Each structure stands twice: as structure tokens, then as C-alpha cells.
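Naming follows writing order (A, B, C, D and E), and every chain is counted from residue 1.
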Amino acid sequence: MSFIRKVRSLLWKEIRSELQGKEMLSTMIVFSLLVVVVFGFAIDLNKDLMGGVLPGIIWITMTFAGILCLNRSFTAEQQNDCLYGLMLCPLDRSAIYVAKTIMNLLLMVIVEGVTIPLFFIIFNYPGPQQVGLFVIVLLLGTYCFMAVGTFLAALSSATKTGEILMPILLIPLIIPVLLSAVIVTKGSFGLVVSGADLYLKILVVYGVVFTVLPMLLFDYLLEV
Amino acid sequence: MTENTRTSLIEKVLAWSTFLTVFVALYLALVYAPTEKTMGDVQRIFYFHVASAWVGMMAFLVVFVASIAYLLTRQANWDIYAYTSAEIGVFFTTIVLITGPIWAKPIWNTWWTWDPRLTTTLILWFLYLAYGKIRLAIGEEEKKARLAAVFGILAFAVVPVDFFAIRWWRTMHPGALVTSNGIALAPDMMLAFFASLFAFTLLYCYLMMRSVRIERIKAEIRLLKEGMFN
Amino acid sequence: MIITRGLIKTIGSKKILKGVDLEIAPGEFVTCFGPNGAGKSTTLKILAMLSKPSGGQVLIDGQDIRENGSTLRRKIGMISHNSFLYDNLTARENLEFYGRMYEVPDLKRRIARLLDEVGLSFATGEPVHSFSRGMQQRLSIARALVHNPPILLMDEPYTGLDEMAKGVLNAILSQLAQSKHTVFLITHDFDQGLEQSDQALILVGGRIAYTCNPRRVKREEFRRHYLELIGGVK
Amino acid sequence: MSFIRKVRSLLWKEIRSELQGKEMLSTMIVFSLLVVVVFGFAIDLNKDLMGGVLPGIIWITMTFAGILCLNRSFTAEQQNDCLYGLMLCPLDRSAIYVAKTIMNLLLMVIVEGVTIPLFFIIFNYPGPQQVGLFVIVLLLGTYCFMAVGTFLAALSSATKTGEILMPILLIPLIIPVLLSAVIVTKGSFGLVVSGADLYLKILVVYGVVFTVLPMLLFDYLLEV
Amino acid sequence: MIITRGLIKTIGSKKILKGVDLEIAPGEFVTCFGPNGAGKSTTLKILAMLSKPSGGQVLIDGQDIRENGSTLRRKIGMISHNSFLYDNLTARENLEFYGRMYEVPDLKRRIARLLDEVGLSFATGEPVHSFSRGMQQRLSIARALVHNPPILLMDEPYTGLDEMAKGVLNAILSQLAQSKHTVFLITHDFDQGLEQSDQALILVGGRIAYTCNPRRVKREEFRRHYLELIGGVK
């Protein structure tokens, strides 16, 4: 299918220009490690309390690393007005959205894969009881974040204020997701939280909403 | 063939003496030195831990000095000294960051705490990693050297904090060995300690010499290439 | 074929286009002149569907751009003030990317030919950010031509080109004109602009102030007209 | 003096272009409020523990708001190569540094003035015992942050990777400052911390070091 | 007076300038031609002290730029590919800002005169990001002249200018030439470039390949030389 082929080409372009030229990935990993360090000494608690706080710390760190990632995600398009070049092409606008989302997701998943095990080591926490649930909530939460985040990054890249605007659009939208993700993560740590499965359902619903709406709206966003 | 492609006599001597002293130091640390009463054999990590920490910080001091020298003289040599030393410093700091937690686990019953000493050591490691990143992010030789030197000077602001962390205030991490009251070590341990310190310093010197030579060869190859294509 | 009817563009309270009526026959070569700030680039952007008119209609090949935008895009190639090139990709990678977006068949060969034509074969593997201004402009020309569009919209394409490259662009243009491509060219250079064109426009203050067939009007007369029109405005 | 006059003109330009054109300030305030909210639910602790955690939260939030502020601080200079325009002028390079630092400080102080009182309200914490010490450590910490941050923003704006590089240069350098600031802040909350005055001294020393070094080095930074 | 001796610039392993020797007398008008990627802009940037030569020496008014950079800056005005204008500031604010940086006396009046000269008085209060390309170029010319520099370095200043504005720029240039300003002009346009200049250079592949006095050499001959030189390279 033409759509998939174009998404692939777009993704190829993303990877070529972001990863090779700019070492986005390694920088993001270092960044999230540093954030962990900042948390580490700024909030140093004893072990009993750590379980209650660690999920929050994980999600806040991922939020900041994600914002960093999103900020970069449309800058290449703004140099030399490349976004106009893309708009000129006969391609479904949502292909751009899909490719950028996949790229951002890829980056985030790699960052998480590296940093989260280190979180447990550094904070000296034994690790989640229900590893399966933990991985699921991690992926689901990250997906929701990037699905709506990429959309908003596109939106704010079209404004003058650009990257300073993006977080303040994104954070309020993403708060329900973070809230649910933190609670489910706590659940996966074996801390008794009432209604954790309800929150998981909320996450799934958000995942669906944040997939359908951007796909429908992206055409309007990049209309001209 | 230029002089850089040959291993000089000094380098050869250095290589061999490093090899020998490391061997001797290993023997003194692992066999000769007495076992510590409370900590047991883990304490033997001490000899490598402290020596590599000191050599690491010394390496960053060299980065600092070479960076200043580069900005004042603008000789590419100083730049080469600065970043080879940064690389080697990161290497030794990595050893500290590996041996420290290995030691900490049995003693403190944790791999890591947010003690100022440990925190500053960790960020030192990050700082000089960032120093390398600056170099990667710039294409132009001159600019690369200049900005890296600027950062190399600035980054040194953290090294004294790391060094004095245990001297300034009480931390979980053991206090200073060397104080104005002398050295708080049993004589046998002291011998082993100084031997390993000496060995690590020699290792640093040898690594420096070698890497500097390699960098010079690289620079020469660049020049040759230019000559070929223009 | 491009037809616009009463094209209007306002930004804020500023009227940039005040009713532009264009008629470009298929295979015609139209050049547009006009003082700085007249609205030439704005018009071109609307034709390229990169900007929405505040009023009026645009028909390309008889189809309204509001309805058939996506199919019409394939027919258009554009050169703008900006190069639309990715700084971190090499010359070849840029063309490859755009070629794939247009699903150009036999892309490798086409790219090699285009790069050769614009005189960049010696720098195919170098990232665009290391290109000089003229080299970027050359690559931008190749980019606009990669899918061999029947309609070419060009905003001051001679910018930054050296004598040689100008010749190359002229050759490309005359070849396109012969093979019945429609060309809409914006330029400030009378010599380059009037040479090949079938129709010459002068846009002043958001309106078309003068149209002529440059084959019938002498260059000096055209210039006189132009200066008169400008003088009338400021 | 010519130096001061130029700093004033540069500052005027900064304020004209950043504040008016881009609504940096309000966005930053909204951003830090949002961060507070995220913390609010991600880390919910009871009141007794809050005193120990709040200083950390305050400084982490300021770090992120500050990074946002720094990221924007050289983007205007990069459009149309304005930095070259500045370099062309017969002006002491350090004037640029001083003006940018003052601008960033101004922004941060306003943001802090708005958000920190809200912190205490949102987290339901009575407020610092030693208000004077609290204000001093806040200003001192912010000054250190911006003094070295502005310098590093200039440094990384000269590289290809730019704004993604800046945080990973800045955070490690600033950690001793944050570490000390958090401890002194805890002290100002009346929580007994040993050696708090020593940490205040460290802050002062960093303030001096991060003033002198950038002033000395800025010429080298913007050499050509 | 500008003198360069064996100017070399390398980036990575690429040699961009391979020894450029220039000699520009005070009050001289020098035009530099050359194919795309020859190194013209690079040379200009070095003369403007915006880029450091990898080797060689530059003397301006007898002073080495490495030692007296800060005092020499006051003497230089530059027009580049990029406008150096702040997008969010208005035309007047941009000039005011740069004027203050050069400590221009009686700034208000000078700005009003310059804006009038380049034909932008109608848009003084509008932000630069809403300007058309030509309007930005006009403002860029005003910016370069705000402190009335004795030395002017210009990289393709005619870009994007309409017929009228080209005339204005030519008038400004000839006025500068008469009042003993030193001008170094890069352009691809033989007509504009050769008209007023005392010395014409052709830079090819990072070396000066040809120098002449354009008053003694016919335009056609010059063009022939130029094409020959280019042909010899590529």
C-alpha cells in the first residue's frame, strides 16, 4: 500500500536525519539518567517509602524526556521550510503523523529500556512484583503520551511560540494518562491500590481516543 | 614514516615498567596486605578504588590545565592532551563507580546512596562524558577544540567539591585518609596502597603517551588526505 | 491550465491580494514581475496549495484546489525562497526522499541524471548544510523537478546561481516549454524573465496591473511600463 | 560607560523580542504550575514527610522551568543568523552574556515569585520557618543556575545538536548547586540538617566561580 | 585598505580556500565573481571577522585582525545571505538596536533617512517576519549602513530586489564610491558588478584565478575569461 510505503520513507528520513546527524538517542538517555540523579538526591527517602514514590518519579522523568524528544521532533521540518516541502507532496497528511509518532515511540522505548532498570538499581528498589503488568503499563502510557504529544508538537510547531507552547498544551491533556499510569504502576509494584484495573481500562480508552482523534484531525491541522 | 608512527624508547620503557608495577601492586594488594578485621577481604578493593579515584581526578586536572594552555597558546597539542586525558579520566572514574558499589553492597547493604561524595563522583563522570559530546557535535577543528577547552575549564569547578566532599562534612562515605595528622593506615596496607597508586599513575602516563601518539597519527593522516585530494 | 478568479488574501487587517485573475493555458510560460511586497510570492504559495486564499477561486486543470488538492499536488513542482531541503541529509538522500514521496519510478537513475544536470554530481554524498548558497539553489531545482511535474511554479529561481547554472536553468526551462510544461515564473530580472515567456504580468499592490505578450512588446517598452506602474504606487 | 549602555540596549532588545512577541513569561508560569500539579498527584505523601520532599520538588521544578527558559534564550539569535549580526558589532562579547543572564534571571525570579507561594498552598505546607534564609537561598541558587546556564546555552547554540545538548552540559555542572540549595532550603524549613551553613557557603563560592569563569571565557566562546 | 596573504580555510578535510591574496586600496571598489562553491562567501566572512582563517593573514588598515579585531569592527558593514534581522522586532527597532550597538550619534534622524532611502518608510512599524523577501533585503542594506562604515562587504546584495531597489542600491554604491568608501562586492551579475568597480576578481576553487581592471577589459571579454576558467575546473 502506498500509505505504508510513504510512512516507511518518512521514517527512514527521520532516522537518517535525527539519529545519525544529532545523536538524539544517546543524548536523551544521558538526559534521563541525569534527571534520575537530580531526583535521587533531591528527594532521598528511605526504602519503605520508595515504593510509593518511585512510580511517580519514573513517570515524571519520562514526561520530561518525552517533552525533550517532542520538542526536537518538528525542528528539522522548520529549517529551510521543509514542512512546506512535505505539504507539497501528494501524501496523506496522517502519514506524517504516523511516521513521527513511530519515531518518537521508538526513541522513548529505547530510553526507557536503558534507564528504568537503572532506576531500580540506583533507588535500590527490588523491582516490580508483576513485571508483565509493569511492562504493559509502561508501553501503554508511553504510547498515549507520544500519540497525543506528536500531534501537539505538530500543532505548536505551526505557531510562533513553538516549543515553549507545546508542554503547556500537552501536560494538561496528558495528566489523566499519567495519573492512571502512576496508579497502575503502583499496582504492579504490589502496593495495594484500589481500582487499579479500572485505571488500566482508562489507559486503554485513552490509547484508543488518542489514536483516533489525531488521525481524524491531522488533516485539518496541516491543512495549509 | 614519521616519528609518531614509531614507538619511542620512553614509551617502551614506560610500557614495561607499568606492566611490572601493576603486577607488583596486584600482589601487594591481594596477597601481601593483611585482611581487614571488620570488613574482611572486600576491603582489598580499597587499593584500586582509591588509586583510580585519585588518578581520575588528576586526569581532570590535566584537562583543566591543558584547556587553559590551549586557549592561551592555540597549539593543537594542548587540545590533544586535554581530550585524551578526559577520556582516560572517564575510564578511571568508571573503575571507581564500579568498585565503589561492589564494596558498598556488603558494607552498607546497598549499592548506592545519595551521599554527596557518591553523587559528585557520578556527576563528574557525566560531566566528562558531556565534554566528549561537545566534541562530537562540532565539525570545525578549531571551534571544536576551543569550545571543548572552554567547557573543560568550567567543568573543573566540580572536581574540588568531589575531592573535598569528605573533608568538609560528615558523609556516609569514609573520611579522608590523608589528613594533617598523617596517614591513617597500617604500614603494610600503606605499602600496598602506595604501590597501587604508583602503578595506576604509571598506567595513566602510559595510556596518555600512547593515545596522544595515536591522535597525532590521526591528525597526520588528515593532513595527508587533504594533500591527496587538493 | 491554471485559472484564478478574484483571488483575495488578507492577513490580519492587511490586504495582500486584492483580487487576482490569472489565466494560464496548458503549456504556457508565464512570467510575473512586480515591486517588492506586491504579493507575488503570496500568489505563488496559493497556487501551490501552501496557503489558503481568503477569497476567490483557483482551478488547476479545471479542478478546484479546495476539492481535489491531493490529486493536483502530484502535478506541481515548486521552487521557493527557501530550499525545502533537509540540512542533515545529503544531496542524494534529499532527492531520494522527495522522489519516494512522489513515488517516482526508476528513482536512482532519475536522481543521478538530475544531479548531473544541475552540476552537483561531485557533491552527492555531502550534507546540505555544508553547501554554498548557489549549490543549495541548484539542488532545490533538482528537487522541484524530481517527479517531472507538468506544472512548475518558481519564485526567483535564479537567486544565487552562477553564470553557468543560470544557463543550465534556462536550458531546462526551454526544454520544459518545448515539452508542453506549464511554467509560472517570478523574477525581477527582465532579461531572464522575458526571454522565453508567452505571457508577462506585472503585479502591483496585490492586483495585476499589466499583461502582455513579451514577443510583441519590446523590452525597453516593458521596462518603461513597469517603472510607470511602480511610480504610480509609491 | 559604554559597556553598561550596550548591556542596556541588548536587554531592551531581549525584552522587546522575547516578552512581547512570544509570551515567554506567562507560558513559563503556566508550565511550572503544571509541573507542580504533576508532582502533586504523582508523589502524594502525608504532611509530615512533605517538609523533607518539598525543597527537592521546588528545585526540580525550577530546574526544568529554567531549562525551558534557557532553550529559548538563543533561538532568536539563530533566526536569520542574528548572532553574526551581533558578532559584527564592536562590542565586548561579555555584554551579550551579561544581558542574557539578566534577562533569564528576571524571568525566573518572576516565575518563582508566582509559583512558589502556590507550591505551599497546593502542598498544604505552612511555609518556611526562616523566610529570610529561604529567599536568600532561592535567589542565590537561581543566580548560580542562570549564570552558568546562560553560558552553556551560548555554548550549545554554537553546535549542531544545540538545545538537546544544553541540558546534559548544564545538569551535571549545576548539581552541586542544586544539592546545596536543597539542603539549605531544608534548613530554612526548620528541618535540622547538619552543616547547612557550610552549604550556603558553597553556594556563595559557586556564585562567584560561575560569575568569574563565564566572564573570562565568554570571549573565547564567541570568538568568531 | 584590506590586504590578505595566503588565506587558507579548511573545514574537516575539505580545503575551501587555498591561499587567497587580496589587495584592496582605500576607497577602491572591488567586485568578486566566481562559480557556486568557489569560496566567495567564505572569504567575505573571514574579512568580516565572522570566521577564522585556518592559515594566512588579514590586514585591515594596516592592522592585523587577530590583534585589533574589536577596533576594526566599527569600520565594517556587511550584507550577507542572511539578513541578521530580528524577526520579532519592527524595521525601526532593528535599526535602532544595531545603531545603538555602534553608538551612532543622532540615531533617530539617521534611521528615518535610511528607511526613506531604501523605500521602507511605509513599513517602519511592522515586524520583520511579515516582510517580503525584497523588503527584508532592503532593510538589511539599511542595517549594514547604519553606522556609515568606511568598508562595506556585500554578498549578493541584489538578491530579491526589484528594479527600483536595484537602482537605489546602485545609487548608494556610487555615492559611497565617490565618498571614498572601500567596497567589496560579491555578485553573479556581470552588468551590476562590472559597472562601478575598479578591480574585478574571479575566484575559482578557493584561489583567485583572474584579476583585471574592468574599465580596460570589455564585458564580453571578461565573460569569456570567466567561462573559460570555469570550464577548466569542472
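Keep this in mind: a contact is a pair of C-beta atoms (placed from the backbone, for glycine too) under 8 Å apart; a residue touches a chain by one contact, two chains touch by 3 or more.
Being a predicted model, the structure only gives us computed values, none of them experimental.
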{"item": "Both-way neighbours, i.e. chains that touch chain B and touch chain A", "value": "D"}
{"item": "Most distant chain from chain D by Cα centroid", "value": "C"}
{"item": "Rounded Å distance, chain D centre to chain E centre (Cα mean)", "value": "40"}
{"item": "Whole-Å gap between the CA centroids of chain C and chain E", "value": "28"}
{"item": "Chain B and chain E, separation of their C-alpha mean positions in angstrom", "value": "50"}
{"item": "Centroid distance [mean C-alpha coordinates] between chain C and chain B, Å", "value": "60"}
{"item": "Per-residue multi-chain contacts in chain C, two or more chains", "value": "none"}
{"item": "Residues of chain A engaged with two or more neighbouring chains", "value": "21-23, 27, 30, 34, 37, 41, 160"}
{"item": "Residues within chain B bordering two or more other chains", "value": "116, 119, 123, 126, 130, 133, 137, 139"}
{"item": "Touching chain combinations (by label order)", "value": "A-B, A-C, A-D, B-D, B-E, C-E, D-E"}
{"item": "Residues of chain D that touch chain B when the two form their complex", "value": "148, 151-152, 155-156, 158-161, 165, 168-169, 171-173, 175-176, 179, 194-195, 198, 202, 206, 209-210, 213-214, 217, 220-221, 223-224"}
{"item": "Sites on chain D touched by chain A in the complex", "value": "21-24, 27-28, 30-31, 34-35, 37-39, 41-43, 45, 49, 52-53, 55-57, 59-60, 63-64, 68, 71-72, 160-161, 163-165, 167-168, 171-172, 175, 178-179, 182"}
{"item": "Footprint of chain E on chain C - complex, ascending", "value": "11, 14, 34-38, 41, 81, 119, 122-123, 130-135, 137-138, 156, 159-166, 188, 190, 223, 226-227, 230, 234"}
{"item": "In the complex with chain D, residue positions of chain B that touch it", "value": "71, 116, 119-120, 123-124, 126-127, 130, 133-134, 137-139, 143, 146-147, 149-151, 153-155, 157-158, 161, 168-170"}
{"item": "Footprint of chain A on chain C - complex, ascending", "value": "48-52, 70-71, 73-74, 76, 78, 80, 82-89, 93, 97-98, 100-103, 127, 143"}
